[in-house]
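Down below are the structures I want you to see.
Shared between the two complexes below is subunit A, which pairs with subunit B and subunit C, respectively.
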Partner chain A sequence: MSDHTTIPSSSKGITRRQFSATAATGALLTTAAAGLPLRKARAATPLKLGILLPRSGHLALIGQACQRGADVGLAMLKEMGYSVEFMNADTESNPDVGRTQAEKLIREGANMLMGAFDSATTLAIAGVAEQKGVPLVVNIAAEPKLTEQGFKYTFRNFPSAGMLGKGGLLLYKDMFAAAGVTPKTAVLLHVNDSFGMGMLNGINALMPKLDLPFQIVETIAYDPKARDLSIEVAKAKAAKADFVMTVTRLNDAILLVREMVKQQVETMGITSPGSPGMYDKQFLKALGKYAEFCSVNIPWFDPKQEMAAQLQQRFEKAHPDESCDLNVGFTFEAVLIAADAHKRAGSNDPAALTEALRATNIAKRVMIGGAIKFEANGQNMNLRSAVVQNLNGKPTVVLPAESAEAKFVFPMPPFKSRG
Partner chain B sequence: MNAGTLFSSRSARLLLGLLAVLSLAPLGVDDYTLSILIAVLLQAYLGMSWNVMMGFAGQFSLGHALYIGLGAYAAGALFIHFGVSPWIGVFAGMTVSVAVSSVIGMLGFRFKVMGVYFALLTIAFAEFTRVLFDHWGWVGASSGLVLPVTNRVSDDFWLLRGSTSMFYYLILAMTVAGFLFSRSLLMRRIGYYWQAIRENEDAADALGIPVFRYKMIAVVISAAMTSVGGMFIAFFSNNLFPESIFSMHRSLELILGPIIGGVGTLFGPILGAVILTAMGETFTILGEHVGIDGVKQIAYGICLLAILIVKPNGVWPWLRHRLGLDGDGK
Partner chain C sequence: MDATFFLNVTSSGLLTGLVYGLMALGLSVIFGVMRVVNFAHGDLMVVAMYAAFLLFTKLGIQPVPALPLVAGGLFVVGYLLQRVLINRFLGATEHIQFLLLLSVAIIITNVVLMVFGPDARNIQLDASFESYSVGPLVLDKVRVIAAITAGGVAALLWAFFRYTTTGTAIRACADNPVGARVVGLDVEKLYAVTFGIGAACVGAAGCLLLLLVDVHPHLSSDYTLLGFIIVILGGLGSLGGALLGGILVGLSEALSGVLIAPSLKSMFSFGLLILVLLLRPQGILGKKP
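Presenting the complex of A and B:
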């Protein structure tokens, strides 16, 4: 079609009345698309929980994993006597969309919000929650400012970046004590994106304060989108450090270990103080026997908790090809926290729900740590990192001792001895 | 152009009708709908800012997120660290943006970096600045800058803390001002010079138009206007992260409105913003009903492609013709 479309004589131009109608329609087009601003009456039960997750966009894979955790957990929670209805919204990995979706969910009657995996979007949603007086339970988001802003309606059951870094590094002492071997030197390989640089700064700041028994003799940064890490691995090999510390994403973690096998970098261990990648199902599938003994210090399922085993079983049954990891666990717990507050509040009123959230005390949970309780700033401090080591093709908790399923293997067997 | 000419024209009277409807919107809609209207107006405003450089003067930029980020961070950081009002901070943002855009313009135009190569230069500066802000502690580095949010009873217009309605009226005023300013530029000698440069730079030069100077003016005006939009984003969204504010995605989102509406036209960026937001919201609802993640993005992409194939010059030139407004300016 061209711009020179013939206009029929009978419709030469459009009358002003028609145009006015068109203009008004145009102005309110989005209003119509969004639906009329009808406020629905709020029933006492069940809880209408607005779930905001990045199910599309660049964080889609993780957002979908979180959604699976919520969906699998819903049936479990109903059996436990909780009454929850989900109102799902996709944040599209975009904070601006997250904000409007939060407003939409509240308009449509959400009594409480849950989300939203990434810190920027969660902060945008927390702002809306604060303005509207609707409580928000954060499943995953590590930005410290979320609980340092004085928000009254935001509750986070996930460690802040500082807690993650410190918890992950402190575990090295326990790891070496459990293994009975104390290495003296490490080489640190890390991604150079915002996450990797943030971790590096945290490690550099905490290392002197934590009195760790080893020194980082070489720090090597690389692009997480790199297709070849041969130079970086060669440099790490030349450092002749006792073990390798990594801060990775998924694809580069695979590339890194594959290259270490290729260059025969025999080291006492490949460990991460807290980053994704090495516990992922794709990492285990891609590397097979070479994925064995790699370890990560992160918050994880508590194998000693019955609820965790039940959730993992149900998840494996529903999604046999997907990883049942911390994204699933923390999202389930966020829904549990919301449902528990609703049950205790006996009301759908946001103010009553907020008060109930403040008084949360859940001892039976799925992640490692003490009872879920919130400080005055909305942060749960009873969260612990675990050492998760790949053993027999499965991420396995090896520390802390009270949750361990197996013993920590360190030094790890050399690559060449694995057949 | 004078005000009399503007307000006596048929299209202007119709636009005033539209403005009246928009002015009354907060009385009849809720905060969610207002947020959607804010998204439309913000996209329209930013599209108009980019349009000055590309649509009027023909200088292609794919890195306008740079000026959004500079405006946002300047106003946001001054507010957080010194309690400076965004109405003062916005001038700091404009000053920085003008300075940076001058450097980009000087480099590009002096060394005859043109077309897509100039666009690449703008991307490079945006990326470079993103990395810089990612490591600059004073602005929060990669942890970002978070403006305090409180549950307020009243609006504070001086500090831009308050209700969605307040932000709605602000962006409405900015869009109207941007529209009038763009029209004013286009109808003056500077606008004709720009159009001459856009159509044929060598011919314009041969006619004695100081090409370098006028291209520089287009770049700095566009950058300054965009940075005002950045200030709005900072205070409306309340949190700034280098990764999102300087992102390539934001630069692309910014130029989509004018491209769909009509590059170089006055009403094109506004119409483009309305079409894109309405499409986005419609496909969001559709996606929720279908229950397949990502269906919105697929449908959105197909529709964009269809519009660009059917109306490569944008929708507004066609619609203007259909409405019989061809002789009524741009």
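Presenting the complex of A and C:
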């Protein structure tokens, strides 16, 4: 700009011939730039991916886990030839902040958005994405509306609540078939927050439809912030059910199992149809041998995928004290999906990126399931829950059989026989 | 649900109640002598829990052997807090004292948050997973250890106030501060010692509670509230009342959890509080003003 303003003033006027020559040169350059060379230049521009996660507020621990997944994955993706730059934003576990941050990222040049762990915030961001015509890749959020509301720019590589609940419950049939033992009764202990109550409603609605071989004889709700679960466990013990089903968070999962050991609650198994806690590193560390054989039915890393092993190794090296769990895996995959679409689109134009996302077909991935492909509504249907059981101090895939690293242990050995 | 089940639940509630009682003792001692309501009570307990946590993780000292160290440390903290800060506000109106101690509570919570972060911490002992079987009764080992220790500390405190010269002098200050000054007692110093003793009780309770619950910075408000419920139930200023209040809260939580719903158990402590306030506002063992 400064050159253009100085030259005319120093030359003190310009001849008609000089003007024509300059204009012709300019026109030539513009024409050339409008063709293929510009397209190549754009393709070489890294994707500006706006990452929206709850890194503070009540979901901070999970938001930070997701962020670690993105950060560890970035180096891997660069080695694989992808070109991505992160624009990080904190949603503060608040949908309104999430919406504002999404608008800010787009204003500052984000070509695509990724996030945002919790359903309410993700819905708010999906609204912004739709309004601005910028694609959004959902790492984790189970709210069905995200892919049932007709959004054109939202793509979700995570099961909806319905898929999650049904997938988790259906696996019980496979679990008992694999074990060769079918229990008849269960007691359900669950947190009474919105997640726990949602799961309870889902379980109550699906149990009769899925024709499961057992009955839930007692349902015990508790506050996730409970300091002591001795009464809840005493009640569960009195129910004399064959096995214990749980819907937990982390701290209460530790309290629950510790109290079961103290009260000598010997049961065939402690299983969750799909909740956090029992696969967490802190759970394994706090309970040691008593954490063994607890199992959770959730989407998980596919041990047969080389990329999963690579991600887990890198994660362990970078964060030896943190859990490499589904938050890490799905966030990595969301970044992979975004980077892959950018590479195929050869452009940073949101419309081209959206079209490329629609045509996604990624067979080499980290989570269990088929190739990542999106339906017309933006949902990836090739997602499966796995049975993850704590064996030898590590969450281990035991079902489905094609991804299993070990056999499902059921009934579990009694607590008192564990030395 | 059979009799064994109720017996197990009742014994668990009773044992937990004893530890609750010890925690509330400190609050009751401070109010009984100085007429100051310590709103930083739960925060001092959280500090004690973190101190016990550090002694265990860094030096391998288990919470029960660490109890004298932590209680001693908290005595010093309480003594200095009273001497340096609270003493200046003893003549002030109640709402000024309330704001002062609330400010102290907020500062403690945030300092703990800055130092230890928001995560819950716990310690694992072999005893954490063990229980005693007495016939059909299954008693949680750490709960038994905590309850016995709480009973011991409460007995020591009672003996201190009953049989030592300092204890008698503190009781004199509580009964008649003017008279205590007239006979030449250093009331300010005795108040500081009292606050120190109250804080030491909280320190002891913190060590024992670490055996039962995970510690995190925001635990303090829960326990301040619980402490108030207990001392109001038992009678503000009464040592026996604090223990009785603790046992009543422990039992009501346990039995309401079984008979109604575990998620509603805290509601019954508040229900009991309202009932006592209606029928006997001075508390079960409290004296009429």
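Here is the rule we go by: the second predicted complex is superposed on the first by the 375 of 419 C-alpha atoms of A that agree within 3 Å, B and C clash if a C-alpha of one lies under 4 Å from a C-alpha of the other, contacts with A are read in each partner's own complex, and residues count from 1 in each chain.
Methods note: a residue touches a chain if its C-beta (ideal position, glycine included) is under 8 Å from a C-beta of that chain, and two chains touch if they have at least 3 such contacts.
Model, not experiment: these values are computed from the prediction.
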| query | Which of the two partners, first being subunit B and second being subunit C, lies in contact with A:104: first, second, both, or neither? | reply | first
| request: For A:130, select first, second, both or neither according to whether it touches subunit B, subunit C, the two together, or no partner. | output: first
| message | Contacts for A:321 in the overlay, against subunit B (first) and subunit C (second): which applies, first, second, both or neither? | response | neither
| message | Just to be sure I read the superposition right, which of the two partners does A:254 touch: subunit B = first, subunit C = second, or both, or neither? | response | second
| said: After the superposition on A, what does A:79 contact: first (subunit B), second (subunit C), both or neither? | reply: neither
| Which of the two partners, first being subunit B and second being subunit C, lies in contact with A:231: first, second, both, or neither? | second
| task | Quick one: classify A:149 as touching subunit B (first), subunit C (second), both or neither. | result | first
| Residue contacts on subunit A - larger count, subunit B or subunit C | B
| said: With both complexes overlaid on chain A, does A:402 touch subunit B (first), subunit C (second), both or neither? | reply: neither
| task | Check subunit A for residues that touch subunit B in one structure and subunit C in the other, and list them. | result | 60
| note | Interface with subunit B, subunit A side, in the complex: residues 1, 3, 5, 7, 12-14, 16, 19-20, 23-24, 26-31, 33-35, 37, 39, 55-57, 60, 63-64, 88-90, 92, 94-96, 99-100, 103-104, 106-107, 119-120, 123-124, 126-127, 130-133, 143-145, 149-152, 161, 194-195, 197-198
| note | In the complex, subunit B touches subunit A at residues 14, 17-18, 21-22, 25, 29-33, 35-37, 39-40, 134-135, 141-144, 146, 148-152, 163, 237-239, 241-244, 271, 274, 277-278, 281-282, 284-285, 287-288, 293-294, 296-297, 310-311, 313, 317-318, 321-324
| request: State the interface residues of subunit C toward subunit A in the complex, per the touch definition above. | output: 1-2, 5, 8-9, 12, 16, 118-120, 122, 124, 128-131, 133, 138, 140-141, 212-214, 219, 222, 253-254, 257-258, 261-263, 265-266
| remark: The residues of subunit A that touch subunit C in their complex are 60-61, 192, 220-223, 226-232, 234-235, 237-238, 251, 254-255, 258, 261-264, 286, 288, 290, 415
